[in-house]
Structure formats: structure tokens, C-alpha cells
């Protein structure tokens, strides 16, 4: 009997992401047919202190062996260091703050999604390959936003036409769009998760500017695309997963997810699904109570990922291919189509700082 | 003649085009009751507000016990010995009658920065407050919540709070308002004694009371003092009869 | 038939009972004084009549039972209240105060201003900054603007200059004789009440203790219940 | 109706009995929950000095809560990375000692309350609510972009800070500390409410002009109340950060201010134990409803609504009657 | 920075201000007139947006969507007033804060229950989309000009309703003294239900109008709510003119602050620091503005002096 504690966001504004991670995760557990894995799911309301409290509950009262589920970097920062310090394993299905990839890495912490910079780095690389030489870049003024622009700049070889930090939660981008229009940029890179991205894209399209836009997958994910609508059409975005990545695991995942929940899976669902499969693969090799063996089994990453090849770098973060996708309309549904790899077998920039 | 304890020199105050006080000079001498009367809206309350420091005059000065207090706050004037009652009761309605009186005593003691000892168990404060309540006849209501007092009883409490300050000068804006005939009579008697402790500047529309009490009367009309003098002088002043008293006074 | 009939009402504020059995009758066109010392329940009685306080017992007004009516319905039957403490709408101008609740009838803005010219002069002033007496005039004017059948004046001459008091008494006399208005008056000036009222009711500690013609109100009675 | 005194005793008893049972039954998480309740209660008791006694409806108390939290976070962060907090004009080293951290939290939040209070008290009523909110938001946005201390990600502290003679890593011992502080502050505020200062403050809330005419400074009374209030909430913030071993800008958010206020209203405004009862009930609801459904916040909302609409004077009012009896 | 860009940014600031005014208008009405702190105003805004998105999804008509937003929010508003709000008038601000906070929870999670956790689609109709060219060669989105016009019309209409009409006077009288206005024969309860529904309807319209260029999702109302409160407090509670001017001030400060503060700091420090410090200052700018205005004028720009 293995107990897994899942702390994720199920209520309030960001609930969609948590729900997808949970559903992907539970689907994999169900498909594995194992009834010796008990998953306890709790709602963190996107509040760090609640997440910490739930982590305490999972560790102290439920005595779980493995924790997972957190969506947001700031919540991960609140929870992960303390649970790994208490000897529990933490498998991250989404957040990958740089602090946990570099100096703050931990043998019991595994990230199954990406390090936060990855998709932005890929966007920079894609911009190079698309021949862009002058980018206007913007992101909200908070750590993930700063990381995003840093990540893009790390790979982008052209110059910057402008760099703006917006207010977190901002919904009107008229001023930024005017700046873009006035600049001589040939491309725009933005990282504006959630509603911010929807608002930006709609307003950008309505402004009539036709400078091409690049961004990470977060504003173009399945759950959100329908709300952006036409404004997203043709936009290139970077992702380590897409529903049309051609491998049998992925095809089966997309089909079974749709059958089970009646909607297309999202990036987050795929990450939840992969996380669960990683866990199951490790459990097949070793018992959680034997921490060292279990850790080795996790590190081997001996499972079929929806993204195809999957392996961990020395800091337990993925080394993986990140693709460029384009937003298209299939019938009535907006979705993404693979264009090709933007960065192949990409690791993150912080692995060198990690000592473990 | 003794020096005035309270005096205004040429006070003026306008609200827009309206001159609420127009070069008003009045004074109050020890032991006397000086009544200010005048039609509604003549500027009596405005004058009091300037004397008490809630309103700054546009011109002129206010002197209290020989000092120029024109620039001083309400608080400073209260500390210097000015006790006042409001035309419309200003009391802590949720507190008991005793608590309101103790507040006055606390102000008089000047030591509110005590955080741990219970106020109502402070013998000095309590004695002072209870004495004041007794003098206005509210001793039986000490534990009543002020909100439960009738209008008239609240007027009495207003006076009691002013008493706890043991001021050198009283300024009272219509203390009789709302009191029944009996209550007015009692308060009249009471003020009559009080003047020996501290002189009173009295704004009042109750002519029975004014004519019983006042040593001097000043009449304010449209912000100006149009007459000032003894009861007889005022009663026989034609201007005053026309502007204020009416025919049958 | 009486216009207003209050019989045996009692009322409480929270836990404390203020009225224990008040009776009061006003006939059409009659002016009645409600008297009593401070705190005896005069205002409380008025609040019950105007639907501002629940009561036990019965109150009927021009044929309607007021027991269940909300305050505004009672008022629309023709009750005009000049409340104790004036209660002008502080943030509104004099003019706005007057027209806020106006109902068609004899009393119009012009007539009220004619009655109290001061209100005309202060037409656009915020009522909070009016002098006490001006507010009192405004409160009376406001009640008149609703064109009531019964005007209730709770301490309506409080804080007024003698000359204005005289004016108001004169105005009330006019209301009585010319407009035939019924009036319930609470006032401390016994002399004026005697001159103007037809009948009087005295309450003491929340009970009606005396009712009768004004002429029958002897000095002994007033000495006993009002202290004069 | 139960007399408020007995009810208060019962509430306090919960804070002793439940953790004792949890300790005996080896249920450390229950102790953690009770610690959370005790700390929230402390924050709310702090706010209640301003709100209940002084009538100062502050929607910016998260500022003090957060300052307390960051005082802990920054000092401990520097202690754990062995770097000085500042070197100029004099050197300040980080520390892991709770008493030092508490003192710092109290002093800093009191100072902040002095400044915020001084400026805010020029306004009143709804304007006061909003200007305090504005100050809270300034701290919030500042902390989000203050990258030296983690910005929105916040700061993790690996090990709980030390208290001489105790092993604070033991939940029950840390709880004991928090409870002791809560009791001490409750004792202090109960005295405060009846003191001359409390009496004057109480009057200043209702009729400031009257307080002035007896020669007291109404604004200064309120300012002192605001400072005391901010200091207590700041101390609670330091404890909260230590409970979570984590600080982040959410401690500064307006929702946090709102929650602290909600504890008070649930329990009963201006009642000594109102905030305590409110925090306890809120933490319990959050814990027990959280498992019911994804949409549990609907039930929480409905419950809160019922309390406001039908419970006059909060929970304490429901049980022990309407009269306010602060001390 | 070119002159044209400066003009365009000022226009953007104005436009953002008007957008804020749309949200603040209903709030001011309810807040200023009825003295009620309605935190759930943001929820009504959300309800409007969701109703509009749903109807637009079925019918494809933007006009119908706006009508649905107005109707849905007004009806929900009226029901909320009858069931909850009317028990709150006599209570103090605190109880109102808690009760309407509870309403937020109920509405947000209830909406999520009904519509799921993902954002909804609502777009500008074709005839209002795309940019137009203004004198001076400024390219400006037509829809935003439309918002400016609608906002100004609403401002005028509401201002007139409150200050000029008898209903407006009665409402304000009721705010002063409910018991008294009732004793003069006005059914203040019914009046308040109407006002609340009107305020709610305005919130709903704002939600639909703004939702079309932002995102329609659960929780969309709360950030807006705070800004709207800032706006009406700066302008002075109860003043429609104040709300409009406050909104424009906030809009300009926010827009121009975000652009100029980083530029300004670049004169003093290196660009990276300037960008990040400038942006943090910009996010605090409106709160600094509000604090400064309240310290200078404790009852806002057009509020009644106490």
C-alpha cells in the first residue's frame, strides 16, 4: 500500500489547471489497475499557507509516502523544501522554480514537467530559427515573469526592441500594445499566464498590429484556447507536449482521457498523467519504504511518456525535446498543431549549481 | 470691575456670502451669567464654536483667562478651563451614564495614558463623576446606558460631563432645550448656584430662564451684537422686541 | 368618529418596557396636546403611531388598523410627522428636503416658503449647516409638504426664538382654523398649549393618567403630572 | 443564554484540551491546526484593538501581519545563509532566536502602524477603510517584486527558529509558545478595554468632539490604539511565518486583511473572545469543509452569510446574548 | 518617445479610466447612495460577463449578449437585495463586508459549478472590431472608442438620475435617515431594490463590455472591484462626477506610470534595475495616488466634507 498526497488548486481562479493535473494523474492510476496506490487529494486554494498546512496534514496525519500536485511556483517553494527535508518524495507535475533546480535541489525532489525557463528558452530558439532579429518582450513583474524574459534572452540571438514588466493581474494592455506598435520590432514574445494572456491576445488582435507573436504554451493550452478564439490563430507557441505528438502512449492517452472526461486533454493533464506513470514505474521496481532504491527507480524514469523520450538530468529535472506548435482551428475547436522541435534534448541552465 | 475671564474681540466669520459673525466683541466676568440671545440663525452657535475652538474665526481674537487662545485647539482650551455643552447632545450613547461622566473626570485628570488599571475602579475619577451626576440628579441612572435616556435626561448628562471638568468658565448652548417645565425650573435653580463656581456664557431661547438668570444679555442679529445690557434694558429695547422677543414678551 | 384612536398600547425597547397602556383619541379637526414629564413615553407613543416601533394594543387611523402597516403605508394614510430632534436629511439641500416626500395638495413649496420665508432664503443650502431653528422650520415644512390629515409635532418649538415660536404657534392656529388640520402636539409650553388645544392627554411612566377637555385641565393636575 | 464569561472559559478550554488530547493520541496535525487557530486568533485580537475598541475599520492589517512575517523571514534567511542583513551604517546579522525576531516584528510593525495610522487617521469611515487598504496594497506589490527576498515566490526557512529551553520543532512545544502569547495578549487587551485609555478610546470612537472638549486628543488615542493593534498583529505574523517556515506576499494581500477581519466578525466585534472564537471556527470550517467537495467554498459562504444575517453580535452574541460586555 | 505615441498613451489612459468608470458606476450608486459596501459587486460583473458569453455563444449576437448581461445581473441583483442585502442596511459596514464577502464565495464557486473552471469565449462583434485612424495618424481600436462613448453616456445618465430626479433625492434622503423617509410615506425598501438592481445591471453591462476584450472567467471581478473602490474613494463617495474624474485619474496614472516610471529611472540607474524597480513603483502608483489624495482631501475630490 502506497499513499500519495496530492495538493493542488481545485477552487478559485486557477482551478482549471489543478483539475487537469488531478484528472490526468488519476487516469494513469486507474489504467495501471493497481489498487494498492491510495491518492489523497486536497485543495490548496492557491494560497501558500494553506498548501503548507495541507503538506503538514499529509505528512503528519495521513503519513503519505509521496507528495505531488502543486501548480504554482510560489506554493512549491513553500512546500517542497520542507517535505523533502522530512524525507518524503515530491514529484512536481507542473511548477519548476529555478531555486529548486539549482542550489536548492534535493535528491527526493523530481520535476516531471519542466524547469520554469525551458519553454521560454525554446521560444527564443524558435525565434532565431524563424529569422526574427528584433523582439519586443513582456511579462508580469514577479519571479516567474522575470525568469521568462531571462529564459527567452538566454537563447534569442537578435536584439530587443523593448522589454516591459507589467503588473501582475493586469487586464488592460492598451499602453503596452501602443509601445509595440511604435517600436520597430519584428516579433513579440510574451509570457502572461491565465486571464492576462487571453486579454492581451484579444486586445492585440483588435489593435490591428500584425507583428508575429511567440509565447510559451501556457496561453495556448487546450483549456484556455477556446476563450481566446480567433485571436490566437496562427500564433506559434512552445511546449514539451502536444496532443499530436506521434507515439502510441500519447495517442492512447488522448483517446482515453477524452473518453473518461469528455474533453480534450491539456498540457497539464499530460503532465499529471506522466507524473503518475513515473511513480507507477518506480513502484514496480522498488518499495517506497526503501528510499534509496525507490529514488534510483525514479531516476531511471523507466516509463512511457506521452512526450516520447524522457530522462532526468543530474538535478532530477527533465532533459527533453521542446516543440513549436501553431494554433489552428479543427472544425469548431481551436487546438495546436506541431510544427517541429524548437530545442532538442534540452536540459536546464541551473543543473550545474545543483550538488547532490 | 473684575477682569473678564472670557472675551472675544472683533470676531468675524463668513460662510460664503453669509456673515455668521460680524465683528462680535463680548465678554464674561467672574460670577456672572451672560446670556446670548438672538433669532434662529443669528450666529450664536457659530460664535460658541469659535470660542470653543471648533471653528476658526476669519478675523478677531478669543481670550480665555487673560490669554489669547485664538490659535489653540479645542483641547487646549478645555485644559485651560473651558467647559461646554452642545446644542445637540454629544455623548457616548453605547456607554453608561457613569462612563460618560468618568470620561469628563479623566479629561480633567489629564492622565488617559494608563493601560492596565480599570478606570471605573479609580477612586478619584469615580468620586468626581458621581458627584457631578448627583448634582444634576442623575445619580440613580449611573448604570443606565446613555442611549436609553430620554431626551431630557441626556441634556442633564451633558451638563454633568461639563461639571466634572470643574472648569473656570462654562459655555452652554441651549441647555434647557428639550427639558420639560419642571426640568427647566430645576436646571435654572442649579445654574443659579453654579455661577458662583464659574461664570456662564449662556445661549438660550427659554426666556423664562434667561430673565431669571442673566446678569447681562447680549442680542445677536445677523451676526452682529445689536444690543447689550441688563434685563430691563433689553426687554424695553424696541429693536430687540422686533427682531427677537415679539410683542407679548 | 375619531380620526386617530390609540387604545391601551404597550411597547418595549429591547428588554425595557417604555409604554404600559397608553390611550389617546383625536377627532377630525381637533388639536390635542400630549403631555408628561421627560422620559414618560410621549415620543415612544408617537413612534408607535408612525410605525417606527412595534407595539401591542390597537391603533386605528381614519378607519385603518395601523397594527400591521409598515411605516410608509401608515404615513400615506395621512400622518405627517415632525420628529423630535428634527431629523432633517443632512446631505440634502433645503429645497430637496422639502420636495423629497411631497404629495399633492394644499401645501406646495411656495406655500411653505410663504409660511417660513427663511427657508426660501436658504433654498440651496445643505440642511446640515442650517441653524437649529432653521432646521426646525424645515422639519415642519417637510411634514406639511406631505399634505397630512394629522400633523404630529414632537417638540416642534424646541430651540426656537420667541418670535419664531409665536410665528409657529400662529401658523399652527392657522392650520387649525383655516385648513381644519388635526394636530397632535407635544410641547413644553403649557401656556400656548392651553391657548390652542382642544383637549389634552397626559402620560406618566408609560400610562395615560389623564384625559379631557383643555378647559378641565386644572393647575392641580398639571402640578401633579407636569410639575407646573 | 450562557453568560459570556463561561463561554469565554469554554473557548479557552478548547485551546487547552484539544491539543492535550492530540498530543496524547499522537495526532500532530491537530496540534498544527490549533496552532494555526491560535495565531490567527492573535492577529485578530490585535486588529480588534483598533476595530472593536477604536472603531478603526482597517482593511490593511495584512501589512502588519506581513511585516511580522518578513521580519522573521529576512532575519532567519540571513542566519541560514550566514550573510548580514545590512552592513551600512552598522552591521546587522541574521538570527534564529525567536525572542529577537518577535521584538523586531513588534517594533517594525508598530513603526509602520505609527506612520500608516498617522496618515490614515486624517480620514474616517469608508475612506479610512480604503486608505488602509491602499497601504496594504503598496506593501503587497512591493513584496511581489522585491526579488532579493524571493518576490512572489516568497522565502523558505528550512528549520523553525529557536526559543531558549524549548524544542520548537515539536509541534506541541511551539503550540505552547503561541498559546502563552495569545493568553498574555488576551489578558492585556481585557485590561486595556477597562482602563482609562480604553474608556477614552471607546468614547473617541463614538463622539470624538466630546472627547476633545474634555481636553483629550481623540486622534492620538486612536493612533495609539492603531499602533498597539499593529504591533500585536505583527507579532502574530512572525509566529505564522514560523509555523509555516515560509513567508510570501500573500501575507500582505487584501484577502488576508479581509480574513483577519472575518474572524472578528464571525466571533463578535468588540468582544474579548470574539476574534478567538472566530479564528477557531474559521480554521475548523476550512479544515472540515475542505474535504466535502470541490465547491466547498459555497458552503463556507452560505454559513458565513447565515452568521451575519441571523447572529447578532457574532457567534458569541448568538450564544450569550446581545449586550456587549467587553471586560 | 514620439509625440504621437504620447498622445496615444494619454488616450489609452483616458480609455482605461472610462472602463474603470463603467465598473465603478454601479458601485458608486449602491455605495454612495445606499451606504452599502458591496464586495459582491465584482460577482455581478462576472455574472454579466458569463451571461453575455453564453448568449453570444448561442445566438452570435452582441446586442442580445449585452441585453442578457443587463437582465441577468439586474435580476440576480434584485434577488440578492430581497434576500440578503435588505437585512444589512441597519448593520454597520463590518457586517456588510462579511456578508458580501460570503456572497463572493457563493457566486464564484457557484459559477464554477455551472460553467466549469475554464475561461469562456466572448468577442467583439465584427462591426466594432479593428482599428480606426484618428486625426494625427493615430491607429485606435474602434471598440475602445465605443467604450468611451458608452461610459460617458452612463455617467451623464446616472448623474442626472441622482441629482436631478425626485427618485434620486428620495434615495439620498433614505441614505441619511431611512426611518424618517419611510415615516414620510416613501417605500424606501422598494426604492432600494430598484437601485440595487440598477447598480447590478450596470455591473453586468460593464462585465460584458469589458469581458469582450479581456477574459471571461471566475474571479475576474475581484481585481476590478478593488480598482473600482479606489476610483470612487478618490472621487469622493456618492459623487458621480467624482467617480468619473477619479476613474480617469487612476487610468492615466496606471497607464502613464507603467510607461514613464521605468524610463524615468533609466536616467538614474542601469536599465535592468530601472525596469524592475520602475515596474514595481508603477504597480503601486495608483495606491500611492489614492493615499496622497486622501491625505490631502480626507473625503476625496468631490466628497461631502464631514
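Note that the chains are named A, B, C, D and E in the order they appear, and that numbering of residues resets to 1 at the start of each chain.
Rule of thumb we're sticking to: contacts are C-beta pairs under 8 Å (C-beta built on N, C-alpha and C of every residue); 3 or more make two chains touch, one makes a residue touch a chain.
Please read all numbers here as calculations on a predicted model, not as lab measurements.
Student: Using the contact definition given at the top, which chains are in touch with both chain A and chain E?
Tutor: Touches both chain A and chain E: D.
Student: If you take the chains that touch chain B and keep only those that also touch chain E, what is left?
Tutor: Chains that touch both chain B and chain E, as defined above, are C, D.
Student: From the centre of chain B, which chain's CA centre is farthest?
Tutor: A
Student: Among the chains, which is located farthest from chain C on the basis of C-alpha centroids?
Tutor: With centres defined by C-alpha atoms, farthest from chain C sits A.
Student: Between B-C and D-E, which chain pair is linked by the larger number of C-beta contacts?
Tutor: Looking at B-C and D-E side by side, D-E shows more C-beta contacts.
Student: Averaging only over C-alpha atoms, locate the centres of chain A and chain B and give their separation in whole Å.
Tutor: One centre to the other, that is 74 Å.
Student: With chain centres taken as the means of their Cα atoms, state the distance from chain C to chain D in Å.
Tutor: The separation of the two C-alpha centroids amounts to 51 Å.
Student: Using mean CA coordinates as chain centres, what's the chain B-chain D distance in Å?
Tutor: Inter-chain centre distance comes to 44 Å.
Student: Would you please write down the residue numbers of chain A that are in contact with two or more other chains?
Tutor: Touching at least two other chains: 11-12, 15, 19, 141, 146, 165, 167-168.
Student: Among the residues of chain D, pick out those that touch two or more other chains and give their numbers.
Tutor: Only 141, 144-145, 147, 295-297 qualify.
Student: Spell out, as numbers or ranges, the residues of chain C touching 2 or more other chains.
Tutor: Not one residue in chain C touches at least two other chains.
Student: Pairwise, which chains touch?
Tutor: Between chains, contact exists in these pairs: A-D, A-E, B-C, B-D, C-E, D-E.
Student: Which of the residues in chain C end up touching chain B in this complex?
Tutor: 13, 16, 36-40, 43, 84-85, 118, 129-134, 136-137, 155, 158-166, 188-190, 226-228
Student: Name, in rising order, each residue of chain A that touches chain E in their complex.
Tutor: 11-13, 15-16, 19, 141, 146, 163-169, 171-172, 174-176, 178-179, 181-182, 194-196, 198-199, 202-203, 206-208, 223-224, 226-231
Student: Provide the residue numbers of chain B that touch chain C in the complex, in ascending order.
Tutor: 15, 37-42, 45, 87-88, 148-153, 174, 177-185, 205, 207, 243-249
Student: Quick one: which bits of chain E touch chain C in the complex? Just the residue numbers, please.
Tutor: Going through chain E, the ones touching chain C are 166, 169-170, 172-173, 175-177, 179-188, 238, 304.
Student: For chain C, which residues are in contact with chain E within the complex?
Tutor: Checking each residue of chain C against chain E gives 50-52, 70-73, 75-76, 79-81, 83, 87, 89-92, 96-97, 99-101, 103, 126, 142-143, 146.
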